[in-house]
Amino acid sequence: MDCDDIVFRHEMPAQLRWSDVDQFGHVNNSVYFQLFDMCKTKYVQEVVGMDTLKRVAIVVASIKADFFAPIFYPDEIVIQSKITHLGNKSFVIRQRAVNVRTKEVKCEGYTTMVTYDMEKKCSITIPDDFRAKVEEYEDMSEDRD
Amino acid sequence: MDCDDIVFRHEMPAQLRWSDVDQFGHVNNSVYFQLFDMCKTKYVQEVVGMDTLKRVAIVVASIKADFFAPIFYPDEIVIQSKITHLGNKSFVIRQRAVNVRTKEVKCEGYTTMVTYDMEKKCSITIPDDFRAKVEEYEDMSEDRD
Amino acid sequence: MDCDDIVFRHEMPAQLRWSDVDQFGHVNNSVYFQLFDMCKTKYVQEVVGMDTLKRVAIVVASIKADFFAPIFYPDEIVIQSKITHLGNKSFVIRQRAVNVRTKEVKCEGYTTMVTYDMEKKCSITIPDDFRAKVEEYEDMSEDRD
Amino acid sequence: MDCDDIVFRHEMPAQLRWSDVDQFGHVNNSVYFQLFDMCKTKYVQEVVGMDTLKRVAIVVASIKADFFAPIFYPDEIVIQSKITHLGNKSFVIRQRAVNVRTKEVKCEGYTTMVTYDMEKKCSITIPDDFRAKVEEYEDMSEDRD
(Lines give C-alpha, C1' and ligand atoms only; values in the text may rest on other atoms or scores of the structure.)
Protein backbone atom coordinates (compact mmCIF):
# COMPACT_ATOMS: atom_id res chain seq x y z
CA MET A 1 0.00 0.00 0.00
CA ASP A 2 2.81 2.33 0.85
CA CYS A 3 6.16 0.72 0.38
CA ASP A 4 8.58 3.63 0.60
CA ASP A 5 10.72 3.78 3.70
CA ILE A 6 9.78 7.25 4.88
CA VAL A 7 10.40 7.88 8.59
CA PHE A 8 7.71 9.65 10.63
CA ARG A 9 9.32 11.13 13.74
CA HIS A 10 6.07 12.59 15.03
CA GLU A 11 3.46 10.08 16.12
CA MET A 12 0.63 10.35 18.61
CA PRO A 13 -2.34 8.20 19.61
CA ALA A 14 -5.79 9.35 18.45
CA GLN A 15 -8.64 8.40 20.74
CA LEU A 16 -11.79 7.31 18.93
CA ARG A 17 -15.28 8.18 20.18
CA TRP A 18 -18.45 6.12 19.87
CA SER A 19 -19.98 9.11 18.05
CA ASP A 20 -17.25 8.93 15.36
CA VAL A 21 -18.78 5.79 13.88
CA ASP A 22 -21.38 5.76 11.11
CA GLN A 23 -24.15 3.37 10.17
CA PHE A 24 -21.68 0.89 8.61
CA GLY A 25 -19.66 0.72 11.85
CA HIS A 26 -16.88 2.72 10.11
CA VAL A 27 -15.26 5.85 11.45
CA ASN A 28 -16.77 8.64 9.32
CA ASN A 29 -14.48 10.32 6.77
CA SER A 30 -14.88 13.74 8.36
CA VAL A 31 -13.42 12.37 11.61
CA TYR A 32 -10.09 11.58 9.94
CA PHE A 33 -9.68 15.30 9.29
CA GLN A 34 -10.45 16.09 12.94
CA LEU A 35 -7.72 13.65 13.93
CA PHE A 36 -5.24 14.97 11.35
CA ASP A 37 -6.08 18.51 12.55
CA MET A 38 -5.48 17.62 16.18
CA CYS A 39 -2.12 16.06 15.35
CA LYS A 40 -0.78 18.74 13.03
CA THR A 41 -1.68 21.36 15.65
CA LYS A 42 0.33 19.33 18.16
CA TYR A 43 3.18 18.91 15.66
CA VAL A 44 3.65 22.63 15.08
CA GLN A 45 3.25 23.41 18.79
CA GLU A 46 5.92 20.88 19.72
CA VAL A 47 8.34 21.35 16.83
CA VAL A 48 7.97 25.05 16.05
CA GLY A 49 6.93 26.19 19.53
CA MET A 50 4.32 28.59 20.88
CA ASP A 51 6.61 31.65 20.78
CA THR A 52 6.91 31.48 17.02
CA LEU A 53 3.26 30.57 16.56
CA LYS A 54 2.15 33.76 18.32
CA ARG A 55 3.49 35.74 15.37
CA VAL A 56 2.02 33.60 12.59
CA ALA A 57 -1.29 31.86 11.92
CA ILE A 58 -1.52 28.71 9.83
CA VAL A 59 -4.36 28.23 7.39
CA VAL A 60 -5.31 25.13 5.41
CA ALA A 61 -5.18 25.70 1.64
CA SER A 62 -5.80 22.19 0.36
CA ILE A 63 -6.21 18.60 1.45
CA LYS A 64 -5.67 15.34 -0.42
CA ALA A 65 -6.38 12.02 1.25
CA ASP A 66 -6.55 8.38 0.24
CA PHE A 67 -8.70 5.99 2.25
CA PHE A 68 -7.19 2.49 1.98
CA ALA A 69 -9.34 0.61 4.50
CA PRO A 70 -12.03 1.52 7.03
CA ILE A 71 -11.28 2.18 10.71
CA PHE A 72 -13.60 0.30 13.04
CA TYR A 73 -14.49 1.27 16.61
CA PRO A 74 -12.62 0.71 18.89
CA ASP A 75 -9.47 0.19 16.78
CA GLU A 76 -6.37 1.59 18.39
CA ILE A 77 -5.00 4.27 16.06
CA VAL A 78 -1.93 6.47 15.89
CA ILE A 79 -1.51 9.46 13.63
CA GLN A 80 1.92 9.97 12.08
CA SER A 81 2.84 13.45 10.83
CA LYS A 82 5.76 14.78 8.83
CA ILE A 83 6.38 18.09 7.11
CA THR A 84 7.66 16.97 3.72
CA HIS A 85 7.99 20.30 1.94
CA LEU A 86 8.75 23.87 3.05
CA GLY A 87 7.93 26.41 0.37
CA ASN A 88 8.18 30.18 0.57
CA LYS A 89 4.76 30.96 2.08
CA SER A 90 3.38 27.45 2.39
CA PHE A 91 4.34 23.98 3.52
CA VAL A 92 3.05 20.44 3.13
CA ILE A 93 2.38 18.02 5.98
CA ARG A 94 1.98 14.30 5.22
CA GLN A 95 -0.07 12.27 7.69
CA ARG A 96 -1.12 8.70 8.19
CA ALA A 97 -3.70 6.95 10.32
CA VAL A 98 -2.18 3.61 11.32
CA ASN A 99 -3.70 0.67 13.18
CA VAL A 100 -1.41 0.08 16.16
CA ARG A 101 -1.91 -3.68 16.30
CA THR A 102 -1.82 -4.60 12.60
CA LYS A 103 0.45 -1.70 11.45
CA GLU A 104 -1.97 -1.25 8.54
CA VAL A 105 -2.06 2.25 7.04
CA LYS A 106 -5.78 3.09 6.95
CA CYS A 107 -5.55 6.53 5.43
CA GLU A 108 -2.83 8.82 4.16
CA GLY A 109 -3.22 12.54 3.57
CA TYR A 110 -1.30 15.59 2.42
CA THR A 111 -2.31 19.02 3.68
CA THR A 112 -0.94 22.22 2.18
CA MET A 113 -0.86 24.98 4.76
CA VAL A 114 -0.16 28.68 4.36
CA THR A 115 1.57 30.92 6.91
CA TYR A 116 -0.76 33.84 7.40
CA ASP A 117 -1.03 37.24 9.08
CA MET A 118 -4.50 37.28 10.67
CA GLU A 119 -4.54 41.09 11.07
CA LYS A 120 -3.32 42.09 7.62
CA LYS A 121 -5.25 39.13 6.17
CA CYS A 122 -2.53 38.02 3.80
CA SER A 123 -0.09 35.14 3.46
CA ILE A 124 3.43 35.79 4.75
CA THR A 125 6.85 34.22 4.26
CA ILE A 126 7.52 31.32 6.62
CA PRO A 127 9.51 32.88 9.50
CA ASP A 128 13.20 31.87 9.60
CA ASP A 129 13.01 30.26 13.06
CA PHE A 130 9.90 28.29 11.99
CA ARG A 131 11.80 26.99 8.96
CA ALA A 132 14.96 26.23 10.92
CA LYS A 133 13.17 24.24 13.59
CA VAL A 134 11.28 22.11 11.07
CA GLU A 135 14.40 21.53 8.96
CA GLU A 136 16.29 20.39 12.03
CA TYR A 137 13.45 18.16 13.31
CA GLU A 138 12.86 16.52 9.94
CA ASP A 139 16.54 16.46 9.00
CA MET A 140 15.71 18.20 5.73
CA SER A 141 18.17 19.45 3.18
CA GLU A 142 17.53 22.75 1.36
CA ASP A 143 14.08 22.75 -0.24
CA ARG A 144 12.54 26.07 -1.24
CA ASP A 145 10.25 27.06 -4.06
CA MET B 1 -45.88 11.72 25.93
CA ASP B 2 -46.41 15.39 26.47
CA CYS B 3 -50.06 16.28 26.69
CA ASP B 4 -49.99 19.87 27.93
CA ASP B 5 -51.08 22.48 25.45
CA ILE B 6 -47.97 24.65 25.51
CA VAL B 7 -47.50 26.84 22.44
CA PHE B 8 -44.05 27.09 20.84
CA ARG B 9 -43.89 30.26 18.78
CA HIS B 10 -40.30 29.65 17.67
CA GLU B 11 -39.77 26.71 15.37
CA MET B 12 -37.12 25.99 12.78
CA PRO B 13 -36.09 23.02 10.64
CA ALA B 14 -32.92 21.18 11.65
CA GLN B 15 -31.05 19.56 8.78
CA LEU B 16 -29.60 16.15 9.60
CA ARG B 17 -26.23 14.97 8.28
CA TRP B 18 -25.20 11.45 7.36
CA SER B 19 -22.39 11.81 9.92
CA ASP B 20 -24.94 12.43 12.72
CA VAL B 21 -25.98 8.80 12.70
CA ASP B 22 -24.43 6.09 14.86
CA GLN B 23 -24.00 2.36 14.44
CA PHE B 24 -27.65 1.69 15.32
CA GLY B 25 -28.85 4.06 12.59
CA HIS B 26 -29.91 6.53 15.30
CA VAL B 27 -28.96 10.19 15.45
CA ASN B 28 -26.34 10.32 18.22
CA ASN B 29 -27.36 11.97 21.51
CA SER B 30 -24.66 14.63 21.26
CA VAL B 31 -26.18 15.82 17.97
CA TYR B 32 -29.44 16.79 19.70
CA PHE B 33 -27.47 19.33 21.71
CA GLN B 34 -25.86 20.71 18.55
CA LEU B 35 -29.35 21.18 17.10
CA PHE B 36 -30.75 22.69 20.32
CA ASP B 37 -27.70 25.01 20.42
CA MET B 38 -28.21 26.12 16.83
CA CYS B 39 -31.86 26.90 17.49
CA LYS B 40 -31.49 28.70 20.80
CA THR B 41 -28.77 30.88 19.24
CA LYS B 42 -31.23 31.69 16.46
CA TYR B 43 -34.00 32.32 19.01
CA VAL B 44 -32.08 34.93 20.98
CA GLN B 45 -30.75 36.56 17.81
CA GLU B 46 -34.25 36.90 16.39
CA VAL B 47 -36.20 37.70 19.56
CA VAL B 48 -33.65 39.67 21.59
CA GLY B 49 -31.66 41.06 18.67
CA MET B 50 -27.96 41.51 17.96
CA ASP B 51 -27.74 45.00 19.50
CA THR B 52 -28.62 43.70 22.94
CA LEU B 53 -26.50 40.56 22.49
CA LYS B 54 -23.38 42.67 21.89
CA ARG B 55 -23.55 43.78 25.54
CA VAL B 56 -24.19 40.37 27.10
CA ALA B 57 -22.88 36.85 26.62
CA ILE B 58 -25.02 33.80 27.31
CA VAL B 59 -23.51 30.76 28.97
CA VAL B 60 -25.05 27.31 29.51
CA ALA B 61 -25.31 26.40 33.21
CA SER B 62 -27.26 23.16 33.00
CA ILE B 63 -29.10 20.87 30.62
CA LYS B 64 -31.82 18.32 31.20
CA ALA B 65 -33.19 16.24 28.35
CA ASP B 66 -35.52 13.29 27.91
CA PHE B 67 -35.15 11.06 24.88
CA PHE B 68 -38.55 9.56 24.03
CA ALA B 69 -37.76 7.84 20.74
CA PRO B 70 -34.79 7.69 18.37
CA ILE B 71 -34.42 9.96 15.33
CA PHE B 72 -33.52 8.07 12.17
CA TYR B 73 -31.74 9.46 9.15
CA PRO B 74 -33.21 11.11 7.09
CA ASP B 75 -36.21 12.00 9.30
CA GLU B 76 -37.44 15.53 8.75
CA ILE B 77 -37.07 17.33 12.09
CA VAL B 78 -38.03 20.74 13.48
CA ILE B 79 -36.76 22.20 16.72
CA GLN B 80 -39.26 24.16 18.83
CA SER B 81 -37.90 26.64 21.38
CA LYS B 82 -39.57 28.66 24.12
CA ILE B 83 -38.14 30.66 27.01
CA THR B 84 -40.32 29.46 29.90
CA HIS B 85 -38.69 31.26 32.80
CA LEU B 86 -36.84 34.58 33.21
CA GLY B 87 -34.97 34.78 36.50
CA ASN B 88 -32.73 37.56 37.74
CA LYS B 89 -29.43 36.45 36.16
CA SER B 90 -30.58 33.32 34.39
CA PHE B 91 -33.35 32.00 32.19
CA VAL B 92 -34.70 28.64 31.06
CA ILE B 93 -35.33 27.62 27.45
CA ARG B 94 -37.50 24.58 26.72
CA GLN B 95 -36.90 22.81 23.41
CA ARG B 96 -38.31 19.90 21.49
CA ALA B 97 -37.17 17.86 18.52
CA VAL B 98 -40.32 16.97 16.58
CA ASN B 99 -40.76 14.68 13.57
CA VAL B 100 -42.47 16.84 10.94
CA ARG B 101 -44.46 14.04 9.35
CA THR B 102 -45.64 12.12 12.41
CA LYS B 103 -45.68 15.09 14.87
CA GLU B 104 -43.96 12.79 17.36
CA VAL B 105 -41.88 14.54 20.02
CA LYS B 106 -38.54 12.70 19.88
CA CYS B 107 -36.72 14.62 22.61
CA GLU B 108 -37.51 17.41 25.01
CA GLY B 109 -34.93 19.46 26.87
CA TYR B 110 -34.60 22.33 29.30
CA THR B 111 -31.46 24.47 29.27
CA THR B 112 -30.67 26.95 32.03
CA MET B 113 -28.60 29.83 30.70
CA VAL B 114 -26.82 32.62 32.52
CA THR B 115 -26.36 36.18 31.26
CA TYR B 116 -22.67 36.85 31.56
CA ASP B 117 -20.06 39.60 31.25
CA MET B 118 -17.19 37.99 29.31
CA GLU B 119 -14.67 40.67 30.34
CA LYS B 120 -15.43 40.87 34.05
CA LYS B 121 -16.05 37.09 34.02
CA CYS B 122 -19.18 37.19 36.17
CA SER B 123 -22.90 36.69 35.76
CA ILE B 124 -24.97 39.84 35.31
CA THR B 125 -28.63 40.79 35.65
CA ILE B 126 -30.67 40.12 32.51
CA PRO B 127 -30.77 43.50 30.73
CA ASP B 128 -34.20 45.22 30.79
CA ASP B 129 -34.59 45.29 27.00
CA PHE B 130 -33.63 41.58 26.80
CA ARG B 131 -36.33 40.81 29.36
CA ALA B 132 -38.93 43.04 27.73
CA LYS B 133 -38.45 41.51 24.28
CA VAL B 134 -38.76 37.95 25.55
CA GLU B 135 -41.79 38.77 27.71
CA GLU B 136 -43.50 40.33 24.73
CA TYR B 137 -42.60 37.51 22.33
CA GLU B 138 -43.69 34.77 24.73
CA ASP B 139 -46.63 36.74 26.07
CA MET B 140 -45.38 36.16 29.63
CA SER B 141 -46.83 37.64 32.76
CA GLU B 142 -44.50 38.80 35.59
CA ASP B 143 -42.13 36.01 36.55
CA ARG B 144 -38.97 36.88 38.51
CA ASP B 145 -37.01 35.03 41.14
CA MET C 1 -18.80 22.74 44.04
CA ASP C 2 -19.06 19.11 44.87
CA CYS C 3 -18.11 18.36 48.44
CA ASP C 4 -19.35 14.84 48.96
CA ASP C 5 -16.72 12.14 49.20
CA ILE C 6 -17.99 9.85 46.46
CA VAL C 7 -15.37 7.49 45.04
CA PHE C 8 -15.15 7.03 41.26
CA ARG C 9 -13.40 3.75 40.52
CA HIS C 10 -13.66 4.18 36.74
CA GLU C 11 -11.62 6.98 35.27
CA MET C 12 -10.17 7.46 31.81
CA PRO C 13 -8.46 10.28 29.92
CA ALA C 14 -10.49 12.07 27.24
CA GLN C 15 -8.48 13.47 24.38
CA LEU C 16 -9.65 16.86 23.15
CA ARG C 17 -9.61 17.84 19.48
CA TRP C 18 -9.01 21.28 18.00
CA SER C 19 -12.43 20.96 16.32
CA ASP C 20 -14.12 20.56 19.76
CA VAL C 21 -13.59 24.22 20.54
CA ASP C 22 -16.08 26.99 19.75
CA GLN C 23 -15.71 30.67 18.99
CA PHE C 24 -15.16 31.53 22.68
CA GLY C 25 -12.26 29.05 22.91
CA HIS C 26 -14.48 26.76 25.02
CA VAL C 27 -15.10 23.09 24.38
CA ASN C 28 -18.65 23.01 22.96
CA ASN C 29 -21.39 21.57 25.20
CA SER C 30 -22.25 18.82 22.73
CA VAL C 31 -18.67 17.49 23.02
CA TYR C 32 -19.10 16.73 26.73
CA PHE C 33 -21.80 14.24 25.77
CA GLN C 34 -19.49 12.64 23.18
CA LEU C 35 -16.89 12.21 25.92
CA PHE C 36 -19.42 10.93 28.47
CA ASP C 37 -20.69 8.52 25.79
CA MET C 38 -17.22 7.23 25.02
CA CYS C 39 -16.51 6.62 28.70
CA LYS C 40 -19.79 4.97 29.65
CA THR C 41 -19.41 2.64 26.67
CA LYS C 42 -15.94 1.76 27.99
CA TYR C 43 -17.32 1.37 31.54
CA VAL C 44 -19.94 -1.20 30.59
CA GLN C 45 -17.54 -3.04 28.27
CA GLU C 46 -14.95 -3.32 31.03
CA VAL C 47 -17.21 -3.89 34.04
CA VAL C 48 -20.09 -5.85 32.50
CA GLY C 49 -18.15 -7.45 29.65
CA MET C 50 -18.86 -8.07 25.98
CA ASP C 51 -20.48 -11.48 26.52
CA THR C 52 -23.33 -9.97 28.53
CA LEU C 53 -23.58 -6.96 26.22
CA LYS C 54 -24.25 -9.20 23.22
CA ARG C 55 -27.60 -10.10 24.76
CA VAL C 56 -28.70 -6.60 25.75
CA ALA C 57 -28.60 -3.15 24.18
CA ILE C 58 -28.38 0.01 26.27
CA VAL C 59 -30.39 3.08 25.32
CA VAL C 60 -30.21 6.59 26.78
CA ALA C 61 -33.51 7.70 28.32
CA SER C 62 -32.51 11.00 29.91
CA ILE C 63 -29.52 13.21 30.62
CA LYS C 64 -28.98 15.88 33.24
CA ALA C 65 -25.75 17.85 33.34
CA ASP C 66 -24.39 20.85 35.20
CA PHE C 67 -21.62 22.92 33.62
CA PHE C 68 -19.55 24.49 36.40
CA ALA C 69 -16.71 26.01 34.37
CA PRO C 70 -15.58 25.94 30.74
CA ILE C 71 -12.98 23.50 29.41
CA PHE C 72 -10.31 25.19 27.32
CA TYR C 73 -8.18 23.57 24.63
CA PRO C 74 -5.80 21.88 25.32
CA ASP C 75 -6.78 21.22 28.96
CA GLU C 76 -5.96 17.71 30.10
CA ILE C 77 -9.24 16.07 31.08
CA VAL C 78 -10.31 12.78 32.65
CA ILE C 79 -13.84 11.45 32.73
CA GLN C 80 -14.93 9.68 35.91
CA SER C 81 -17.90 7.30 35.71
CA LYS C 82 -19.90 5.48 38.36
CA ILE C 83 -23.19 3.58 38.21
CA THR C 84 -25.03 5.00 41.23
CA HIS C 85 -28.40 3.29 40.86
CA LEU C 86 -29.56 -0.06 39.45
CA GLY C 87 -33.31 -0.17 38.94
CA ASN C 88 -35.38 -2.95 37.43
CA LYS C 89 -35.08 -2.05 33.74
CA SER C 90 -32.90 1.03 34.01
CA PHE C 91 -29.79 2.34 35.71
CA VAL C 92 -28.14 5.68 36.38
CA ILE C 93 -24.52 6.53 35.59
CA ARG C 94 -22.95 9.60 37.19
CA GLN C 95 -20.04 11.16 35.33
CA ARG C 96 -17.63 14.02 35.79
CA ALA C 97 -15.21 15.87 33.55
CA VAL C 98 -12.22 16.79 35.72
CA ASN C 99 -9.18 18.94 34.91
CA VAL C 100 -6.19 16.69 35.63
CA ARG C 101 -3.88 19.48 36.78
CA THR C 102 -6.24 21.60 38.90
CA LYS C 103 -8.60 18.77 39.99
CA GLU C 104 -11.47 21.13 39.16
CA VAL C 105 -14.77 19.44 38.29
CA LYS C 106 -15.80 21.15 35.04
CA CYS C 107 -19.05 19.31 34.45
CA GLU C 108 -21.10 16.66 36.20
CA GLY C 109 -23.83 14.63 34.58
CA TYR C 110 -26.33 11.88 35.31
CA THR C 111 -27.53 9.64 32.50
CA THR C 112 -30.46 7.28 32.90
CA MET C 113 -30.08 4.27 30.64
CA VAL C 114 -32.52 1.51 29.79
CA THR C 115 -31.64 -2.12 29.08
CA TYR C 116 -33.29 -2.91 25.79
CA ASP C 117 -34.05 -5.75 23.39
CA MET C 118 -33.25 -4.36 19.92
CA GLU C 119 -35.20 -7.07 18.10
CA LYS C 120 -38.38 -7.04 20.18
CA LYS C 121 -38.00 -3.27 20.55
CA CYS C 122 -38.87 -3.14 24.24
CA SER C 123 -37.10 -2.53 27.53
CA ILE C 124 -36.03 -5.64 29.45
CA THR C 125 -35.04 -6.43 33.02
CA ILE C 126 -31.36 -5.86 33.74
CA PRO C 127 -29.76 -9.33 33.35
CA ASP C 128 -28.62 -10.90 36.63
CA ASP C 129 -24.96 -11.15 35.62
CA PHE C 130 -25.00 -7.49 34.49
CA ARG C 131 -26.38 -6.49 37.88
CA ALA C 132 -23.97 -8.72 39.83
CA LYS C 133 -20.89 -7.39 38.04
CA VAL C 134 -21.84 -3.75 38.60
CA GLU C 135 -22.76 -4.36 42.25
CA GLU C 136 -19.42 -6.00 42.83
CA TYR C 137 -17.42 -3.33 40.98
CA GLU C 138 -19.17 -0.45 42.73
CA ASP C 139 -19.40 -2.24 46.07
CA MET C 140 -23.16 -1.53 46.15
CA SER C 141 -25.62 -2.79 48.70
CA GLU C 142 -29.11 -3.86 47.58
CA ASP C 143 -30.77 -1.08 45.60
CA ARG C 144 -33.79 -1.94 43.45
CA ASP C 145 -36.88 0.00 42.47
CA MET D 1 -11.03 31.38 -8.82
CA ASP D 2 -12.97 29.01 -11.00
CA CYS D 3 -13.68 30.46 -14.39
CA ASP D 4 -14.87 27.47 -16.38
CA ASP D 5 -18.56 27.39 -17.22
CA ILE D 6 -19.43 24.04 -15.65
CA VAL D 7 -23.12 23.58 -14.83
CA PHE D 8 -24.10 22.03 -11.48
CA ARG D 9 -27.62 20.67 -11.78
CA HIS D 10 -27.69 19.40 -8.18
CA GLU D 11 -27.65 22.06 -5.50
CA MET D 12 -28.94 22.03 -1.94
CA PRO D 13 -28.69 24.34 1.07
CA ALA D 14 -26.39 23.25 3.91
CA GLN D 15 -27.43 24.43 7.35
CA LEU D 16 -24.55 25.53 9.56
CA ARG D 17 -24.46 24.84 13.30
CA TRP D 18 -22.94 27.01 16.01
CA SER D 19 -20.79 23.99 16.94
CA ASP D 20 -19.28 23.92 13.40
CA VAL D 21 -17.24 27.02 14.12
CA ASP D 22 -13.70 27.01 15.52
CA GLN D 23 -11.74 29.46 17.62
CA PHE D 24 -11.09 31.74 14.63
CA GLY D 25 -14.82 32.00 13.91
CA HIS D 26 -14.32 29.83 10.82
CA VAL D 27 -16.27 26.71 9.96
CA ASN D 28 -13.84 23.88 10.72
CA ASN D 29 -12.38 21.98 7.75
CA SER D 30 -13.83 18.67 8.89
CA VAL D 31 -17.34 20.16 8.66
CA TYR D 32 -16.97 20.73 4.90
CA PHE D 33 -16.65 16.98 4.48
CA GLN D 34 -19.78 16.40 6.60
CA LEU D 35 -21.64 18.79 4.28
CA PHE D 36 -20.19 17.25 1.10
CA ASP D 37 -21.12 13.81 2.49
CA MET D 38 -24.69 14.88 3.22
CA CYS D 39 -25.10 16.27 -0.28
CA LYS D 40 -23.53 13.43 -2.23
CA THR D 41 -25.72 10.98 -0.32
CA LYS D 42 -28.72 13.07 -1.36
CA TYR D 43 -27.44 13.25 -4.94
CA VAL D 44 -27.21 9.48 -5.41
CA GLN D 45 -30.53 8.92 -3.63
CA GLU D 46 -32.29 11.39 -5.90
CA VAL D 47 -30.52 10.68 -9.18
CA VAL D 48 -29.80 6.94 -8.92
CA GLY D 49 -32.68 6.04 -6.61
CA MET D 50 -33.06 3.80 -3.56
CA ASP D 51 -33.90 0.66 -5.57
CA THR D 52 -30.51 0.61 -7.23
CA LEU D 53 -28.71 1.65 -4.04
CA LYS D 54 -30.07 -1.40 -2.21
CA ARG D 55 -27.87 -3.58 -4.42
CA VAL D 56 -24.68 -1.54 -4.21
CA ALA D 57 -22.77 0.26 -1.47
CA ILE D 58 -20.64 3.32 -2.18
CA VAL D 59 -17.31 3.78 -0.45
CA VAL D 60 -15.01 6.81 -0.46
CA ALA D 61 -11.58 6.01 -1.94
CA SER D 62 -10.03 9.47 -2.02
CA ILE D 63 -10.76 13.14 -1.43
CA LYS D 64 -9.12 16.25 -2.78
CA ALA D 65 -10.28 19.69 -1.69
CA ASP D 66 -9.13 23.28 -2.11
CA PHE D 67 -10.14 25.85 0.49
CA PHE D 68 -10.32 29.26 -1.19
CA ALA D 69 -11.79 31.36 1.64
CA PRO D 70 -13.20 30.67 5.10
CA ILE D 71 -16.91 30.20 5.79
CA PHE D 72 -18.16 32.28 8.71
CA TYR D 73 -21.17 31.54 10.88
CA PRO D 74 -23.96 32.16 9.96
CA ASP D 75 -23.12 32.45 6.23
CA GLU D 76 -25.83 31.03 4.01
CA ILE D 77 -24.25 28.17 2.03
CA VAL D 78 -25.32 25.85 -0.77
CA ILE D 79 -23.48 22.72 -1.84
CA GLN D 80 -23.32 22.00 -5.56
CA SER D 81 -22.62 18.44 -6.69
CA LYS D 82 -21.90 16.90 -10.07
CA ILE D 83 -20.66 13.47 -11.09
CA THR D 84 -17.93 14.37 -13.59
CA HIS D 85 -16.53 10.94 -14.36
CA LEU D 86 -17.96 7.41 -14.48
CA GLY D 87 -15.26 4.76 -14.57
CA ASN D 88 -15.66 1.01 -14.52
CA LYS D 89 -15.84 0.43 -10.76
CA SER D 90 -15.49 4.01 -9.54
CA PHE D 91 -16.77 7.50 -10.20
CA VAL D 92 -15.81 11.06 -9.32
CA ILE D 93 -18.12 13.65 -7.79
CA ARG D 94 -17.14 17.32 -7.89
CA GLN D 95 -18.59 19.55 -5.19
CA ARG D 96 -18.54 23.20 -4.22
CA ALA D 97 -19.50 25.14 -1.13
CA VAL D 98 -20.88 28.47 -2.37
CA ASN D 99 -21.92 31.57 -0.41
CA VAL D 100 -25.52 32.23 -1.50
CA ARG D 101 -25.33 36.00 -1.18
CA THR D 102 -21.90 36.71 -2.67
CA LYS D 103 -21.77 33.67 -5.05
CA GLU D 104 -18.20 33.16 -3.84
CA VAL D 105 -16.90 29.58 -4.13
CA LYS D 106 -15.48 28.89 -0.65
CA CYS D 107 -14.27 25.35 -1.24
CA GLU D 108 -14.16 22.91 -4.11
CA GLY D 109 -13.63 19.20 -3.77
CA TYR D 110 -13.37 16.02 -5.81
CA THR D 111 -14.29 12.69 -4.22
CA THR D 112 -13.51 9.37 -5.87
CA MET D 113 -16.03 6.73 -4.85
CA VAL D 114 -16.06 3.01 -5.45
CA THR D 115 -19.14 0.85 -6.01
CA TYR D 116 -18.85 -1.96 -3.51
CA ASP D 117 -20.40 -5.26 -2.48
CA MET D 118 -20.62 -5.09 1.34
CA GLU D 119 -21.10 -8.85 1.73
CA LYS D 120 -18.38 -10.08 -0.60
CA LYS D 121 -16.21 -7.14 0.49
CA CYS D 122 -14.99 -6.24 -2.96
CA SER D 123 -15.47 -3.49 -5.51
CA ILE D 124 -17.99 -4.18 -8.28
CA THR D 125 -18.75 -2.78 -11.70
CA ILE D 126 -21.08 0.23 -11.63
CA PRO D 127 -24.54 -1.25 -12.35
CA ASP D 128 -25.97 -0.37 -15.77
CA ASP D 129 -29.04 1.41 -14.43
CA PHE D 130 -26.84 3.44 -12.04
CA ARG D 131 -24.69 4.49 -14.99
CA ALA D 132 -27.65 5.25 -17.24
CA LYS D 133 -29.38 7.45 -14.69
CA VAL D 134 -26.28 9.51 -13.98
CA GLU D 135 -25.44 9.86 -17.68
CA GLU D 136 -28.95 11.09 -18.37
CA TYR D 137 -29.02 13.48 -15.39
CA GLU D 138 -25.62 14.96 -16.18
CA ASP D 139 -26.12 14.84 -19.93
CA MET D 140 -22.81 12.97 -20.30
CA SER D 141 -21.40 11.51 -23.43
CA GLU D 142 -19.58 8.14 -23.32
CA ASP D 143 -16.85 8.20 -20.69
CA ARG D 144 -15.43 4.91 -19.44
CA ASP D 145 -11.98 3.90 -18.26
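By written order: A, B, C and D. Residues from 1 in each chain.
Keep in mind that, in the parts below, a residue touches a chain if its C-beta (ideal position, glycine included) is under 8 Å from a C-beta of that chain, and two chains touch if they have at least 3 such contacts.
No experiment lies behind these values; they were computed from the predicted model shown.
Engineer: If you tally the C-beta contacts, which comes out ahead, B-C or A-B?
Structural biologist: Between B-C and A-B, the larger count of C-beta pairs in contact belongs to B-C.
Engineer: Measuring centre to centre, with centres taken as mean CA positions, what chain is farthest from chain A?
Structural biologist: Of all chains, B has its centre farthest from that of chain A.
Engineer: Go ahead and note the Å separation of the Cα centroids belonging to chain B and chain C.
Structural biologist: Averaging C-alpha atoms per chain gives centres 24 Å apart.
Engineer: Could you tell me the distance, in whole angstrom, between the mean C-alpha positions of chain A and chain B?
Structural biologist: Centre-to-centre distance between chain A and chain B: 37 Å.
Engineer: Residues touching two or more other chains, restricted to chain B: which are they?
Structural biologist: 18-19, 28, 30-31, 34, 37
Engineer: Spell out the residues on chain A that touch chain C in their complex, using ranges where they run on.
Structural biologist: 13-19, 34-35, 37-38, 41
Engineer: For chain D, which residues count as touching chain A in their complex?
Structural biologist: Touch list, chain D to chain A: 24, 28-31, 33-34, 37, 57, 59-67, 118.
Engineer: Which of the residues in chain B come into contact with chain A in the complex?
Structural biologist: Interface residues on the chain B side: 18-19, 21-23, 25, 28, 30-31, 73.
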